[in-house]
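Following this line, the structures themselves.
You will see two complexes here that share chain A, one where it goes with chain B and one where it goes with chain C.
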Partner chain A sequence: MIPFLTRRWILSLATAVVAIWLGLAWRVGWIALRPVNMYSGWLLFALMVGLAFFNARKKLPFLPLLKASTWLQIHIYVGWLACLIFIMHTGLRFSGGRLEWLLSLGFIAVAASGIFGLWLSRWIPPQLARSGESLIYERIPVLRHRLVEEAKAIVTQAEAETQSTTLTDYYLRVLGDYFARQPALLAPLAGDDADYHRVRLELTSLRRFLNEREIVLADQIGQLLEAKRNLDSQLAGQRLLKLWLFVHIPLTYGLFVLVGAHVWLILNYAHRL
Partner chain B sequence: MNSGSQPPYAQARRHAAPERWDKPFSEDMKEVDVDLLLAHPLFVSTNPDRFPLSIPLRGILKNDARIRRFQPGEVIVRRGDYGHSAFVILDGAARVLLREPAAEQLGRRQQVRPSVWGSIKRWLKRPHYAEQSANRGSATALQLSGSGEARIFLQDVPGVLDADWTVQLKSGEMFGEIAALGRTPRTSTVVADGDAQVLEIRWQGLREIRRYSPEWKAQIDSRYRERSLRRHLAETPLLYNLSEETLGLIADATRFETFGEFDWQSAYSRVREAGERERLEQEPLIAREGDYPNGLLLVRSGFARVSNRYNHGERTESYIGKGEAFGLAEIVSGWQGKVMPLRRSLRALGYVDILFIPTAILEEHVFPRLTAEQLAALTKDLSPPAAVVGPGAVLDESGNTFLEFIVAQRFINGRATMLIDLDRCTRCDDCVRACAATHDNNPRFIRQGPESSGVMVASACMHCVDPVCMIGCPTGAIHRESINGQVEINPETCIGCSVCAQSCPYGTIQMVALHDEEGLPIVTEETGAPIRRATKCDLCIDQPAGPACVSACPHDALIRADMRSVDDINRWLLR
Partner chain C sequence: MRRLLQSIIYNRKVYDRPQDEWTCGRAAEGCPCIYGPGKKGECRATSQCLPAKKGDRWVCTRAISLGAVCEPGPLPDGSCGCPVPPCRPVRSLRAERGRLTWLMVSLALGVVILAVWGETRADWSNPGPLTDQHAMSAQRCADCHLEPAGISAGGAARQLQHDLLCIKCHDLGPHGSSPHGAAPAELLALARAEKPPIGPRPLVLAAVTATGRPTEPACAACHREHQGHAADLKHMGNQQCQACHQTQFASLAHGHPEFTGYPYVRRTRIEFDHAAHFQKHFPESHLTTPPPTSCAQCHEPAMDGRQMLVRNFEQTCAQCHATQIDGDSRASAKGLEFFRLPGLDTAALEAAGLGIGEWPAYCDGPITPFMRWMLEGDESVRVAMTALGSLNLADLSRATPAQKAAAAQIVWGIKGLLADLVTQGQQTIMNRLGPPATRSPAMARPTGQFSADVALAAQQSWLPHLLTEVAAHRRGEKPAPPAPIVAARVAEVAPTAVVSSATPASAASDDLLADPTPVADNKAAASAAVPVAAPATLAFAEADARVAQGGWYRQDESYTIHYRPGGHADSFLTAWLEGTAGNPAPAAQAIFAQLSSDHAQGVCMKCHTVDRTAAGTVVNWQTAQPKPGFRPFTTFKHDAHFSLMGDQGCATCHTLDVTANYAGSFGANHDPAVFHSNFAPLSKDICAACHQPAKAGDSCQQCHNYHTGEMQNLRVRAADFHVAPELAHAPGSSQKL
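Take a look at the complex of A and B:
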């Protein structure tokens, strides 16, 4: 079992070696007046097809096609190489025409969303692990509903047992809204749980109006608040981890359509230039 | 004084207190059968007066035994099955098969990893609905008796029994007692040789008979010494290369001891949520730190916690399982002139079977034959043993959380425990989807479970070292392919009784309803109730790529860990 750091070093080094070799080959080809743009274009296309196979592999788990983790590593490092070849191929000049401009923009968007997704997949999981108990994403609405019901039951019990409305008022004024609210889309990036602290602070400040029995019930509400904080954290983090793929994959499909048009145009019209 | 929420005792509904024999082994055992048994040569020499009044011999025979009649070729016990009873032939004969027939002949599936093309074909023909079963039926070898009890008949009886690789057991001979008392799989298949009448005694009764009848104890122990103990001792590294004579002497001096409850899974469910201190108090003490090591303790089956005192608490240092020894370093040290008390305590985690070899025997017959290097290697254990450390954690004086967690939750029982590194898991559910894609559109595990130190133990079958789920399966549908193989369920012979699901202490076996090609539930003719079957992780035994969950994880966050390989787990945790 190779440690992650060692693996990262080995693969980075191998990618750097290949990148240098490609750069030199491209330069030699360019000096020798070879059609380096055609070569780099086809190479880029082949790499993109290879990268897209990662998703196909996920759909065929029964086939012995290497582990998905191996595919991901290939996807990451070949992706970096594809970025390099893209730079060689375009020279970072996007003035060829609308299609080429769109194609370049599409490639950059796919690459950027991939890099963003990679960063998310390394950044969010440790946050989720420290937040509290792991929850299954699809069950979160059910758990949220349960929390609301439990909170309602506690404040109702508090009013019935103590004839005091402090906790009921708190629920109507603060808690109801807090339990109904969903975290913002990018909340995990901002590390935003200010709402939780505000609501918690208010609950603490109410203690001077509570009798012994109400304090016990307020502590139970405190536990529900903690559960809601974890629930929000799990929801926001997992949602972002799922959503970025809904950007990366459709963009990839779109890119392939543009690449197809680009190849067709080159094959049919390049010789007339 | 009653609290507000509890009803007063006067108003409580009254029932007779539950007793041991509320549910006898068989309702068919009558007093006349017991009389016949007591008059049988088997029990003539057994003195009923030795048994306590609360557990009389007659009561044991009536409630913990049953008389079964087997037809020619009927399988009495199958090799590899986990039995909970022993058998004595009352009338007729049986044959022990020394060579195992084909799996199908014993009502089992022959597992063959399919080719890649086979997998593709299966995927193309995958069912549309979860747990779809077009033609569910019993395996050819399986039949149901009038009472609904599953019976297995050997196929091609003359071909198997006429061969010269069988041994005949005659009237009065006992078999299956080692598996029943030692919680180990049956080591041979035994088939009825003609019509046979057999007394089956469940392990609880056998344990009592052995305890109160010196004749039975002598017989069972001597058979164990003959059949298993010598082999077990010879496989113990410390006793390698000893002569047969010396091994015999050691075997004669070895004592058998058991600790904990045989059906530990029920007690485990009760104490699972308890605090660490309370759990520790309930674990039977096998050896106490500070005591003189008067013998070597060899674990024959089960697990034990190795711990030492730390201020006012107990710190877990490691755990030991089958084949491992406790107290050896201290004994060797004492023999070398430096008397040393036990530096750690040993506690039973569940049910533990121990072999006790007295120190004097080792000093006389074993240590003098060892070289200085071998002795030095034995005392190397005086330094702390390897323990599991959590990711990023350092094993400090107060021990570590992850080790305490896996020992307390008994996950050490797992041979293929699904561990998920929560620092790397992106909750993408690719593992769940891959599992569903390879198992009738229904994943065989739930990606949720207890967590500690950033590691989750998911709710997936662990293919336990001590698979209690296999005890009590009426058809042997849940079985282990080999001694160290995966535990799997044969869907053709599973009758959906849910005994395995209830027995699994980790709750990893699910009962699922079967559906037809149109997605409608399949129901019984008699009651209209849905037909269910037990499902669980089979480690993708029928997949060419191995466990789909592991190979589908893009982030290296999931492994199936053998919890006995502490070093491997450590390496994985500290990647």
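Take a look at the complex of A and C:
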């Protein structure tokens, strides 16, 4: 198997070679007064169809059409090429036509969301792997519920065994809210860990008022806090990895509709094809 | 030790269905049911298990992941003892994303419907604002685009149809769609003359790939509309210009072909030898005002700053050359001979029995070229002149009877011409030039305000019985025997001169016109024709001196009527020179030769030149003038360069070449393309010194036009659209987008 870095170098180099070749061909065609905008437009359309097929490929797992990871690599590097063709096609001049403006804006949004998603997919998973146990996103609510139940059981046990309400009060005052709270949407980007440290600091400062048994139970609560911290980290990271697709995919399909209208207008009104 | 939250024990795992459209409503609470919602989002949970009957007892079948066998166990009727209250399923993330996708597609479809079929479709489908000039002229899409229904062809046919829509407003001449407006044969010749590709590789590649229709590139190949109000429709890259050229180069400084004769390619319209004037005439002249010391004294920029024009005659040449034109400095005759009674061998005619009526005995000289032209206006005289051939009317001793008869016919023609000039005046000249429809436009006013009174005075002096004789001849009667004529001697006493326009007819002339009865006595007639004899203390000036400002006069010694030019741009001379320059008829060429000789009165052709090209013959009365409808291939803006001139002024670029054979460009040469300027041709290095990318720029379009030639109708003809028939009847051409 080719190492990741080697593969990245090879694919980046291949993409750069193709990009340079396309740039030269476009330049020569432009000098030769050929309809390079028409050529670049059709090429961009073909690339967009190819890129969109990545999503369709995921819905057709039964077809022997390469591995999804291979498709992802193709999607990434062809996406970069599509951005280059887009720049050639428009010259980054947005002349003010409403449809053309929407079209350009749509493409930029799709490309930007794709680049953002690529960055997230390269940045968040290592963070999640470092933060603790890897969790399945759909099971996170169940796990949080289990943590809450365990925390309740510990403070109930502490009150029953020690006749002290210190931990119970702590739960009612701090822990209940903490376990019920979900991380903010962009918490992974903001590095939002303040809640955990606040709760943990309060638990630590509480230890001087606890007896030996309560300290043992408080340590168990500390383990639950650590688990909740990982849970929040997994939830926030995985949620972000899913939510960027809420921009990328709907905009892609909307963009295709606009592209269809654009092609129709060009075919009907262009002075030369 | 880190606490693991997920169980990896197979039978403790809950089966998740993230691909499903719906998820359990209790999943967020951490306790989803094991069944999950139905496909339509209905809750399917009723109990935690379906108890099984073993023997006569119901046993719990709850899954281990849910806690295995429950404590209450199944109810006696076999239902689950742990019923699950129904929840409200929620959509999965994937389903929400799908809904958002459909929403986005719907929005985009709405936009498309607006763009294609909506009331504001023009605003939506318009890819961008038009340039100001097109925004004002184009009212609808179909003015510049074929309507969708009219498009059936692609490629070249589509391009041609759209180009026709462009040409509908922009008339670029007969080869408007051809590169530089050149004819295909011309392009082919140019292509053969060019060198093979030697330029930068991208240009060579571009030249190879430009396999479209190089002879007719689409308008849209260069002019890209819908780029905004202020877009430059004419913008072209330097390399794009060279895509068609076989000789390619990197820049003006590197590779651009050296100038050949620029800008002195065409011969100047006025023959003015700068070298001779600056080196010889100006230093030697004794003018009342100093001679020119700078170019600006004779030249000024045109309104658009491009061309350098020559100031008018009065501001430039008049100081030295006005007297030459007026004739004041001439030693010979100041007026040119318009009419003459030619020398005639009357004895030979009388011996042959050919009556010609009276004719002065001392006539001499040939028929003037003007007379010849006007006589040829009479068919019978023209035939007679042909029959006479080269014989001289003054010596008919060797003439055949037929030639003598022809000579007599010519004499009667001359007498008839004079009689007509006397009685009809200027109209006679006009009539003799032919019908107005066949007359050259230059000959609209060829009479030079001819004075019939001068002719009348001449007739009365030379041929007193002319009117009755001509009248009788035209009636077919034989003329009476001629009486002796002594009028010429009378004229010596009182020669007559008449200023062309203002001189009123004398009372005697009026009387004669009123009563054409011939005067019986020649002496009496002559007396009546001349003014009353002046007192002995007064003397007549010379006839030509009395019309120093120009006009008509007669000279009885030579039996001639003269015209003296009235200064620069004399209408008589300009009309006859222009009218005869391109006329191949011998009579016309004789007039042109007379007027254009170096010693001709007015000396017009000393400075003004004649261009004879395939397009015709033109007398250059004006110096080079801006032509608004003409676009040259190379253009230069003089006024933009004034501030860049060095101490040498215009000579920074225009240096005299004293060795050039400037005079050889004129004289017998009438081809304006043959020219030896007395300025050295400009070198490319002069321009390239400043015109570099980092300085003044070296764009091709700074100096060259693509569309060249006469374009009188380049401006939009809003009221004069000519739609090609195939377009006018194209389906959908009348639809409004």
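Assume the second predicted complex is superposed on the first by the 269 of 273 C-alpha atoms of A that agree within 3 Å, B and C clash if a C-alpha of one lies under 4 Å from a C-alpha of the other, contacts with A are read in each partner's own complex, and residues count from 1 in each chain.
We take it that a residue touches a chain if its C-beta (ideal position, glycine included) is under 8 Å from a C-beta of that chain, and two chains touch if they have at least 3 such contacts.
The model shown is predicted, which means the values in this text are computed figures rather than measured ones.
Trainee: With both structures lined up on chain A, is it a clash or a fit for chain B and chain C?
Mentor: Because the two structures are overlaid on the shared chain, the partners are seen to fit without clashing.
Trainee: Where does A:241 make contact in the superposed view: on chain B (first), on chain C (second), on both, or on neither?
Mentor: Only chain B is touched by A:241; chain C is not.
Trainee: Which partner, chain B or chain C, touches the larger number of chain A residues?
Mentor: The partner that reaches more residues of chain A in the superposed model: C.
Trainee: Just chain B (first), just chain C (second), both, or neither: which does A:63 touch?
Mentor: first
Trainee: By the touch definition at the top of the document, which applies to A:125: first (chain B), second (chain C), both, or neither?
Mentor: So A:125 only meets chain B here.
Trainee: Pick one for A:184: touches chain B only (first), chain C only (second), both, or neither.
Mentor: In the superposed model, A:184 contacts neither chain B nor chain C.
Trainee: For A:215, select first, second, both or neither according to whether it touches chain B, chain C, the two together, or no partner.
Mentor: In the superposition, A:215 contacts neither chain B nor chain C.
Trainee: Look at A:14 in the shared chain and tell me whether it touches chain B only, chain C only, both, or neither; answer first, second, both or neither.
Mentor: In the superposed model, A:14 contacts neither chain B nor chain C.
Trainee: I'd like to know which partner A:4 touches here: chain B for first, chain C for second, both or neither.
Mentor: first
Trainee: What is the value, to the nearest 10 degrees, of the angle subtended at the Cα centroid of chain A by the Cα centroids of chain B and chain C?
Mentor: Placing chain A at the corner, the angle measures out to 130 degrees.
Trainee: If we overlay the two complexes on their shared chain A, which of chain B and chain C does A:133 touch? Say first, second, both or neither.
Mentor: Both: A:133 reaches chain B and chain C.
Trainee: Just to confirm the value: shortest Cα separation between chain B and chain C in the superposed three-chain model, in whole Å.
Mentor: 5
Trainee: Check chain A for residues that touch chain B in one structure and chain C in the other, and list them.
Mentor: Residues 133, 135-137, 242, which sit in both footprints.
Trainee: Quick check on the complex: what are the chain C residues that touch chain A?
Mentor: 2-6, 14, 16, 18, 23, 27-32, 93, 96-97, 100-101, 103-105, 107-109, 111-112, 115-116, 123-129, 141, 145-146, 148, 151, 154-155, 158-159, 162-163, 202-203, 205-207, 209-210, 212, 217-222, 226-228, 231, 237, 239-240, 242-243
Trainee: Which positions of chain A touch chain C when the two form their complex?
Mentor: It is residues 24, 27-35, 93, 95-100, 102, 132-133, 135-139, 141-148, 223-224, 226-227, 230-231, 242, 245-246, 249-251, 253-258, 260-261, 264-265, 268-273 of chain A that touch chain C.
Trainee: Can you list the chain A residues touching chain B in their complex?
Mentor: By the definition above, chain A touches chain B via 1-4, 58, 60-65, 67-69, 71-72, 120-121, 124-126, 128-129, 133-137, 238, 241-242.
Trainee: Under the stated contact criterion, what part of chain B meets chain A in this complex?
Mentor: Per the touch definition, chain B meets chain A at residues 116, 119-120, 122-123, 422-428, 430, 433-434, 437-438, 446-448, 451, 454, 456, 543-545, 548, 550-557, 568, 571-572, 574-575.
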